[in-house]
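So that you can tell them apart, the chains are marked A, B, C and D in the order they are listed, and the count of residues begins at 1 in each.
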Amino acid sequence: TFPKIVVNNTNNGFKQPPPLHARLLCELIGTCLFIFFGAGCAAKPHDLLTVSAAHALVTVWLVYVFGPVSGGHFNAGATIAFAVNGKMKIIEIIGYLVAQGIGSILAGALLLCLYGTGTSLGTPGLQPGVTVMRGFAIEFICTVILSFVIFFTTSYNTYKEAAFPIGLVVFSSFLLGADRDGAALNPWRWFGPAVVSNTFQSTAWIYVIGPIGGFLFGYILFRLYKLLWNGRASFQI
Amino acid sequence: TFPKIVVNNTNNGFKQPPPLHARLLCELIGTCLFIFFGAGCAAKPHDLLTVSAAHALVTVWLVYVFGPVSGGHFNAGATIAFAVNGKMKIIEIIGYLVAQGIGSILAGALLLCLYGTGTSLGTPGLQPGVTVMRGFAIEFICTVILSFVIFFTTSYNTYKEAAFPIGLVVFSSFLLGADRDGAALNPWRWFGPAVVSNTFQSTAWIYVIGPIGGFLFGYILFRLYKLLWNGRASFQI
Amino acid sequence: TFPKIVVNNTNNGFKQPPPLHARLLCELIGTCLFIFFGAGCAAKPHDLLTVSAAHALVTVWLVYVFGPVSGGHFNAGATIAFAVNGKMKIIEIIGYLVAQGIGSILAGALLLCLYGTGTSLGTPGLQPGVTVMRGFAIEFICTVILSFVIFFTTSYNTYKEAAFPIGLVVFSSFLLGADRDGAALNPWRWFGPAVVSNTFQSTAWIYVIGPIGGFLFGYILFRLYKLLWNGRASFQI
Amino acid sequence: TFPKIVVNNTNNGFKQPPPLHARLLCELIGTCLFIFFGAGCAAKPHDLLTVSAAHALVTVWLVYVFGPVSGGHFNAGATIAFAVNGKMKIIEIIGYLVAQGIGSILAGALLLCLYGTGTSLGTPGLQPGVTVMRGFAIEFICTVILSFVIFFTTSYNTYKEAAFPIGLVVFSSFLLGADRDGAALNPWRWFGPAVVSNTFQSTAWIYVIGPIGGFLFGYILFRLYKLLWNGRASFQI
């Protein structure tokens, strides 16, 4: 007989499955920390590898630590895609988005304490010579890939296993885009620093529409892929 | 009695083993993404560590995610070596190569959208002071090592385990060669960017002959090594 | 029936559980090596990514190797937080702090041998334009996060699994702070190099109060979090 | 009942335990590749992080791939320490050292093909302002730590698990020493490039005596440590 390995820590050792308030707290803290460490590096003079590492490394440990509790969205695009998948209740969807938004503003406030006024606090922006369409393409294509990898890995792995490849996709995406359009891949990554530093470019819509559209398109691709394969479209995440 | 570990996710959670069209889709997407993120970094001003990381990190998560489906070739050299090993059908061999080629062109097209005309889109090329023979030596030697490690690790590990050492060999190889001959290690890594950007150097044959020859030589070495050891030359991958 | 995974190496293969003298030795060596490799890089001309990697990588392998023996504190803040948790005896607490202090001075002495007089041996210090309060905020906030992640991961993982996310939090924290306040996150990281190189800034209290306060606050947060969830406040680490 | 996890691949899937000629081949190839990729990066203009990564990454995948076959020494210091431990036969000791030496020369020859005459092929050397004693201290201290970690991790882990922390110690050591004394940590790392490029400094003895002395001292420390703990001095590696 071949006993299966029982992954024993799916709820991170707590007695009950995580209640909603604990999950919302994790989403708030996680979104805050992603922006705090990511934008906190982008707000300083930086090179491409350093700022990409900053965003990727924080993603790995956030998914590793908080993934088993809240699912580790930290991203409006991810929450909306999971909402469309139909497994989240309305109250959960709203709660996740509100918690993430508060976390985003909180990160901006922390960065304001550290860096003071007079900087954009790492708000992403198009670099000279990068058109709006090219910036949008970076946001959209990278989040399509990111969402596909998130669905693929979290469907069949524990969060601890998935943390590493997900963080590496973030790394690859920032290496491609961080010196071109600032690379948000996440509406909240733009939102908090932009609101707190009062930095608004007319092209900033790409950091909202790009990632949300990318996650939805990646979700559709993953459903088509499963349909193509298994002959059933719905899937459990 | 010592029960064996049952690797539960060899088919990534899908009900059936992957059908050919799913595997070809993975090869197409994987080859495209390797070139998209790798050449996408090489097309910008870059330093050696950054461009090497770009190629290595995308390799890790591609093998992690798509390895269990298609085997994670993404490389004409790998497919030809597996073909010579005799476990692939003719239709599979042709399908893999065609899918990879389409992925390569698609990556070139995506990069053209992002960077426009007037760049070589990261097409590898010999740097000043590097002779053709030295460039060929880098391509050949590094792919001999890469193929040996691929055969070694994927024979006795899951793709999730093998993804990390394979990506590290790619990292080491690019640290050696990326600032000398551009380092393709893969005919498709040269093909797509070269075709789309219309960049053709007379020395570009090294990016085709080098990796294919290297993979075949590495395959022969691995068979000899197994023969030396176990007294049988064929092996299951 | 689902057999649980038996973690076989919790005491790293030794026959008995680690006696106190072995644990103190590990704390002494571990604290020494963290400072030796971290400050040893900071004492040279360095860029942000390199010095952050130096501190993070040594953390990973120290926790991996010595974590199963002594718990891998290497930090007065960690030991004080674990002391407040009430599972350590008075003799253990004093022993841990003394061993860490000796390790810290020893690291300073080793660095003096390597670099000679005339440098600050990597003693952290506020950079121009960074106020005391901002430096304190970096130390405090980063150690709150670090301690929370340490409690979270070591509670429900082996040290070998926890080593990686803990090291990544250190990486993220140094990417945020190393070029701003020097980033100690650990009183001993400041103590040894400062004493041996006789470098005392009037603002150096932030490297002592910040991390100790941060670890205590992080500990309180983790207890509140568990109370909120499970209805019991004490926890086993 | 709690079934233990059976690590099934200790001999990397081959039917018999590795015969001596296979192990010697792995030592030859592994030593060659460590120097090929490490010195191959050091021979070019490089920064500290890049050259440290080059040596560390190749170590990880070499130990991962060849560790289960030959033990993954690739270092005269390691072989001599294991010889003193008394578990290796005379023929094995001589075979390992000869194979490593051939691999070292082979790596030098390959580098000569790639870089031509007129460079030192990455032969380590003291940098201006670094005294012989400081260079020796770097070699000695770092290999004491490296050997202790090798004994510690390989005693109680599979090579696949040990590859990562061992590679990280190499990373930390090169971040400390690569821009000071060139950092060999391994007599063969100096030997091959020095012989082939005919680069001999009068201070080069530190790259031979330092690592061998460091490995022997680390071995003594580990035996004392085990004696202190378990009351028996001999150990199985």
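To be clear about the criterion, a contact is a pair of C-beta atoms (placed from the backbone, for glycine too) under 8 Å apart; a residue touches a chain by one contact, two chains touch by 3 or more.
Note that the structure is a prediction, hence the values are computed from the model and not measured.
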| item | value |
| --- | --- |
| Chain A onto chain D, rotation angle from CA fit, given as a multiple of 5 degrees | 180 |
| Same or different residue numbers at the chain C/chain D copy interface, by half rule | different |
| Distance-maximising chain from chain D - centres being C-alpha averages | A |
| Whole-Å gap between the CA centroids of chain B and chain C | 40 |
| Centre distance in Å when chain A and chain C are each reduced to the mean of their C-alpha atoms | 28 |
| Contacts with 2+ other chains: residues of chain D | 3-5, 47, 49 |
| Touching pairs among all chains present in the structure | A-B, A-C, B-D, C-D |
| Residues of chain C that touch chain A when the two form their complex | 1-5, 47-49, 134, 137-138, 141, 145, 149, 152-153, 155-157, 161, 164-165, 168-169, 171-173, 175-176, 179-180, 225-226, 228-230 |
| Partner chain C, residues of chain A touching it in the complex | 3-6, 8-9, 12-16, 18-19, 21-22, 25, 33, 36-37, 40-41, 44, 46-47, 49-50, 53-54, 57-58, 60-61, 64-65, 110, 113-114, 160, 163 |
